[in-house]
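In what follows, a structure is listed as structure tokens, so that the remarks can point back to it.
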Amino acid sequence: MEHRVYSLPKKRMGELFGLISSSRQLFLPMEKGGQFQFSRVDEHTDLEGVSLDRLLTAGSAKELFFPQTQQIAAFRRRGKEIELTSAETLTSAFVAFGVRACDARSLEVLDRAFLGTPRDTMYEEKRSKGTVVTLACNEPEETCFCSVFSIDAASPKGDVETWIAGDTLYWRPGSEKGAELTQELDALLDPCSEEEPEGLIQLKQQIRSIIGKLPLGRLSLEQFRPEALQELFDDPAWQKLSEPCIGCGTCTFVCPTCQCFDIRDFDTGEGVQRFRCWDSCMYSDFTTMAHGNPRTSQVERFRQRFMHKLVYYPANHDGLYSCAGCGRCVSKCPNSMNMVKVMKTLGGAQHV
Amino acid sequence: MSVDKQPFKPLIAAFCCNWCSYAGADLAGTSRLAYPAEVKIIRVPCSCRVNPLFVLRAFQRGADGVIIAGCHPGDCHYTTGNYYARRRMTLLFSMLDYLGIEKERTKLDWISAAEGVKFATVMNDFSKEIHALGRNTRFGDLRCTTAVAQ
Amino acid sequence: MSNCSCNSTNALVPTIGVVTDIRVDTPDVKTFRVTGVQGGLCFDYVPGQCAMLSIPGVGEAMFSITSSPTNREYMEFSIKKCGILTDWLHEIEPGQQVAIRGPYGNGFPVDTVLKGRDLLFIAGGIGLAPLRSVINYCIDNRKDYGTIDIVYGARSAEDLVHIDELKTYWNSLENVSVHLTIDNPQEGWDGHVGFVPAYVQELGFDVDRTVLVCGPPIMIKFTLASLGELGFEKSQVYTTMELKMKCGIGTCGRCNIGSKYVCKDGPVFRCDELESLPAEY
Amino acid sequence: MHNSSCTVKETARKILESGQAERLLGWEQDSSGYNHAPAVFKSAGELDRFIYDRFCGSNLSKLLARLREAEGRTAVLLKACDRESFNLLVREHRIDPEQVHRVDIECSGMVDIEKLRNKGIKGIREITESGDELHISTLYGEKRCRSEEVLLEKCLSCPAVSSADAFDAVGQMEERSSLERYEFWKEALSTCIRCNACRNSCPVCTCEQCIFDNPRSGTAGKASADFFEDQHFHLVRVFHAAGRCTDCGECTRVCPQGIPLYLLNRKVIKDINELYGELSLEDKELGKGALTSFSFQDAHPDIIRKRTGDQ
Amino acid sequence: MQRIGVFVCWCGSNIAAAVDIETVVQAMKSEPGVVYSTDYQYMCSEAGQGKLKDAVKEHGLTGIVICACSPRMHEATFRNAAKAAGVNPYMVEIANIREQCSWIHRDRAEATAKAVVLSRTAVAKVNLNTPLTPGTSDVVKRALVIGGGIAGLQSALDIAEAGYQVDIVEKQPTIGGKMAQLDKTFPTLDCAACILTPKMVDAAQHENIRIYTYSEVEQVSGFVGNFSVRIRGKARSVKADICSGCGLCMEKCPSKKAKDEFNMGLNNRRAIYIPFAQAIPNVPVIDREQCIKFKTGKCGLCARVCPADAVDFEQQDSIIEERYGAVVLATGFHTLSLEHYDEYQYARQPDVITSLELERIMNAAGPTGGKLLRPSNGKAPKSVVFVQCVGSRDTTGCGKTYCSKICCMYTAKHAMLIREKYPEVDVSVFYIDVRTPGKNFDEFYRRAVEDYGVRYIKGMVGKVVPEKGRLLVRGSDLLDDSQVALEADLVVLASAVEADASAKGLATLLTASIDTNNFYTEAHPKLKPVESPTAGVYLSGVCQGPKDIPETVAQASAAAVKVVGLLSKDKLLSNPCIARADELLCSGCSNCEHVCPYGAVSYIEQELRIHGRNQIRRIAKVNEAICQGCGACTVVCTSGAMDLRGFSNSQIMAEVDALCR
């Protein structure tokens, strides 16, 4: 079912945020400590910090659904006894506003990883309580390559899709959840008369024309097929590619689709809290087990990350790549090594 | 919560070198020189054994003040340990201060085995300072102490 | 804070079990008997599946269940001392509670492929642990399976786990043969001496059996070669890779070998499947 | 910068052609025009992709330390700010100077692409330099920017580039009240995602295994459950670098969250300078640092308490 | 996991009066690892220790916590009790609930709560304790004494008398040192040679003593109980074993221009010479820089006249390698060079001399045959002015900041001796303070002033000006608040005592630390004044700091006792609470080596297997015989590779955690 488009004067967005946050938690891209992050907004928040012009938050919207640390359980030990004192806490309903198309796609990638069998109930809980309001990318960056993965930044899929065209915010529910939220905001949102208002059509055209000009827009995925797995795995280029890699976790932590985690215990003195936290396949001890480590060199770890995104994941998920082309790794890698360079090097002759 | 109404009972970790300050504390005890029970001593061979990690750990685990006591300069059982400790702790205290953690929460003092009186005085004074500062809310670990403010 | 003991649907939240008995197998292997706090099994499982044991504050690790699910009273884990958690487990006494979650992985195809087949079990060292579950399952459902041959070796006689069961129980059963070997000669050992792969070749089994192998990677490698020489196909051979499991549910990102996830697609693999994967295990 | 870029490339070529070194550690050009990655060049032929321009901020010393076990000599290009870290790595035996052909190169300051972006410049397609101005061609039109406005933080205190005092910002921070400092750092450090970019790029952090990674250290931690853990991580990181940090600026450059880590490192350097001054010649010869040496006259830590500025 | 037993002591009412014992006992029962918790009136008593031993047996304890008095009191007691019960003594920890709890806290609830915390802290530590065993090492039963002055001789003689072998290494051609140059000694005025030379002979003839003169220590390795030392014996050019010491060679030697060092350069000696008549060994040495044969190849007169054919121009340095269990440093001092003290005209005026030069002038065997004569013209002086503190207590940076300690007394001695022998000579002394703390010292000084009429002027000399063949000494008289100018024929400067130049090099060889003045640092300024911080290295005499002869001898004997104590052991037991580096974590940075006060850390290249690959790594190794367990190294080790047994990082952190819980 196609939902209709609503509009709201841009200057009344503050009211919109107020209304949303009155019933649900609201997360918006805000400037904090010089960086752009999704931050919780409530009635006390100064909306000055809200930044919808800046394309990407430093970290992705993933952290709203799969936080960097998340408690699993708590225990108390007394003598030989172990008591399970609490399990995960429940999440209240929330809205993530201003999620870009790439981040929205990444949730689809995470869904497939976390919501298979067995289901990851912690993620499921967050996912079911969160409503994703996307925002079209008026000014894509040179680091963007979402179009390579057939993502349309001009029409970002989400529970609600929004656009800021000039002085107007256009709003279109994209799911039941989105429709529900839209209903709650009835008082503010004006249904548009046309199916697609003129301003919106223009904006989409404008965005698509820029996307057509993006320098990374023509990367090829042709080589990255499950059949080529072994060939890619054995490619000698990994050695050279991984040379600058210092084994930090920056790319994995800013990546919207990276999902690796570790489970750790923290002894508070009173009890033990078991939590999970992001981990990175780039870390030297990531796969260290009692019996050894199957990936002892950085080149193996480096290969694992990119093979996972470009080959292993699609092989298991109907060809869906575990990369959304957001470009965060392109701009954040300390030593300027990234997905794009990997794709260019291994992607065959068309890039040379 | 009712917790707030209880009078503030600080927790002070005191790292004492085995040869001078720990003996000084013993002398204070032998001389029945009182100092607050919130001061609790950890014995280390030398003040230079005190890793800044231990100091940070104490704060993380809810200590309100940390004091390190060693032999007077020139008297170190290992000749030079306290000189290294002095530099380390000066820089550590400075960094803690720089991060906005009250500088009165950390202290280093030289207490010899003969200075039972000094031991008690130093601990009494330090404890007074910590009482005046109140609970440590600027460095800790939320999971370890419910008292740390949000 | 809710005080639940806990009916959480979260696959990462364990339940509490209790260690009721500890048996010393070798100088560095002990077998732990675990039941639910109220007795009985903590959960149902099939042979070859694993469980995550943990002591909160110490660590969490995956172990294959070495008892057979036909035993409804308790589960057993044979655990080698090799890390922080296992060091700790080796120190505990009966009555100690542990956190446990599972079962994880696919298990051996005991009710499908293996049914009606002659079986050859080949294990080295602690590698007997997962196979023991299958062996006992087959013995308890004796009519469903053909002959059973067990080739088992360890560094020395002291390092053979479950030695009593091997010598006095399994070996006494009809159509069950136990072939033991140790790496180097030693006093008081009158059995076979030599590495497992060589022994397998020496014993020269017919190729109509289905083989289940578990042990150190180097042993598996050479055993596969020996089996190949005897004419076995890789597709007749199963092994388990539970050492690579971490979260147990295939999401933490560690267990993949190429596009296969040990937690989801394994830990039991047929060797021809394994062969098609990148050599990163 | 163009001239020196050609000279550096020429130098690199000579080194590889003459066999003075088996390989050369430099930078490889990226089509973005700014995202140049450190790279190892093994022959003069590979130097086609060599680049040295305004976007080669990374310090190659750490990567050099990783090449320790490579056969034969490695040539390395060292900017002024990188030389001290090189020296430290030699001092701490992480680099064998016998195995290194060291080339000191000139630098007139490196551009911080983040600063450029923060100026609202988006969709960068090409950057050219003209005098002290950068001309940036973007998807959204032509932009200009004075290069000195977008230099990396470390360049602002480099004597070759700027006359600014490296410790001004630290001094200003010290002037603030204790509570203000606390609030500042709480905000700054709580954005830390513990990606370890600062640590892994730091030439001083060359432990075989970091205590934060070692489950037996008692301090292991991967991610922060609260701000205090970030505080702890950065305190320990800075403290472990105390007396060794050469202010090469890598941590600040690489932080994906833009945390002003230099304010921490420079504070320690400032303290050491003010409290202990230069090392004695003898200590220097022995390879000691500020925390592995002492003087009988060193100040008592109470000097910190006597500082002005209350809560 | 341990099986820990907790024993809470009442200490009669000392603890029980302030602490509720039962609460502590009960609280410990739920602590991790504790399998038994009990109390007793006096744990340290036989019965208490018996209770401990019984509990170990009954409960299979592996760790023990005693909640009682200070570990400084009874740690050893309980460790021994544990040992007797079959538990490693280092598995015992003491919770100090008396000195640090019951004796200082009056509020019973508060004291009890604290006792619980202290006890659980000890439990937390014991949980991480590991059994430790002291290391052992062999002791080579031979001592090395470096320096053959009175200090070295005394140490050597005492060690030899105790029955141990001693080698003395002396860099001069003869033993005897500075004392041999002295004329009389204060305050008794007995002749130095008369008391020294018998000792020299004793040493030379002692069956347990070997003397290497004209020799220097070149290399030292090893550690307490087992030092390997390389000694270079410089070529004398005279075969010591066949030389009879007849002296013919010296008489005939045509090279006569060398300054006689023994006489402080006041006269000349031959190129082949024996420093002084009673020198030991009584074997000449050829000064190759002065010898005509060595310079031109011609001459060789000495060889021709030698009846024993002992002269050997071809002689090479000899190298002696020997192992020692202990080393005594007795390198002594020299006097500060006064070349730069222009105001005193020392370098320009021959009649401005140092006190040691005066010693030689006054000595009957000296250049003037004991007559007080001016070096410039050989005439008797009418007026002598002494200046004290030349280069001592000097904060201008020119000299030394310390007091040289002996100058006040020897100046009084000189003044007195001159006045006694030459009553017609005026003697004045410029001084800052007169320091005479010693037996009969002040009396001695007063005698100089009161009985011998030496004029003491409190004040410093500003300038010495040559005037009409005499010297005008300008100074201030602080007591009189006036400027004074004295005419003198001889000005004697009490130049500062300075550590011998060899001290620094030896300190490096032996990792014995020196202070800013190059005096050796003692292991503890009060309690270990004759030990250096390096185990097995002892200090004797002025090399440790200025002192007079009796003090030097006292210290020398003290050092000897320490050496004897060490050599009397067959094996050395080392403290097991020492540092150890985890080789897989060590990154070889050397920072631990830099801070170790004992030189216990060294680096080796070791092949390690990492991820199935062999790698050669530079890693730290702690010498267990040398490490004293201070822990300085552990804190500079950022990776935590270096840890201290008994006080490990994890133990202390566990204590912190338990304490803050």
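As written, the chain order gives the labels A, B, C, D and E, with residue 1 at the start of each chain.
We take it that contacts are C-beta pairs under 8 Å (C-beta built on N, C-alpha and C of every residue); 3 or more make two chains touch, one makes a residue touch a chain.
Quick caveat: nothing in here was measured; it's all calculated off a predicted structure.
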- Task: Return the chain whose centre of C-alpha atoms lies at maximal distance from the corresponding centre of chain C.
- Result: E
- Message: Let me check something: if the centre of a chain is the mean of its CA atoms, which chain is farthest from chain A?
- Response: E
- When B-E and A-E are ranked by contacting C-beta pairs, first comes B-E
- Task: Using mean C-alpha positions as chain centres, tell me how far chain A is from chain C in Å, no decimals.
- Result: 39
- Express in whole angstrom the distance between the two chain centres, defined as the mean CA positions of chain C and chain D. 50
- Between chain A and chain D, what is the separation of their C-alpha centroids in Å? 30
- Message: Between chain C and chain E, what distance separates the C-alpha centroids? Give it in angstrom.
- Response: 66
- Using the touch rule from the top of the page, what residues of chain A touch 2 or more other chains? 77, 262, 266-267, 269-270, 279
- Message: Touching at least two other chains at once: which residues of chain C meet that condition?
- Response: 59, 92
- Item | Touching two or more other chains - residue numbers and ranges from chain E | 595, 636, 649, 653, 657, 660-661
- Touching chain B in the complex, chain E uses residues 70-73, 96, 98-101, 103-107, 110-111, 113-114, 117-118, 121, 513, 521, 523-526, 533, 577, 595, 597, 628-632, 634-636, 644, 647, 649, 652-653, 655-657, 659-661
- Query: What residues of chain D sit close enough to touch chain B in their complex?
  - Reply: 173-174, 178-186, 211, 218-219, 225-226, 228-229, 231-232, 235-236, 238-239, 242, 264, 267-268, 271-272, 275-276, 290-292, 294-296, 298-305, 307, 311
- In the complex with chain E, residue positions of chain C that touch it: 88, 91-92
- Query: If you look only at chain A, which of its residues touch chain E in the complex?
  - Reply: 77-79, 267, 269-270, 293, 296-297
- Any idea which chain A residues touch chain C in the complex? 72-75, 77, 80-88, 113-114, 116, 118-122, 226, 229-230, 233, 259-263, 265, 267, 271-272, 274, 276, 279, 281, 286-287, 289-291, 294-295, 300, 304, 307-308, 311-313, 315-316
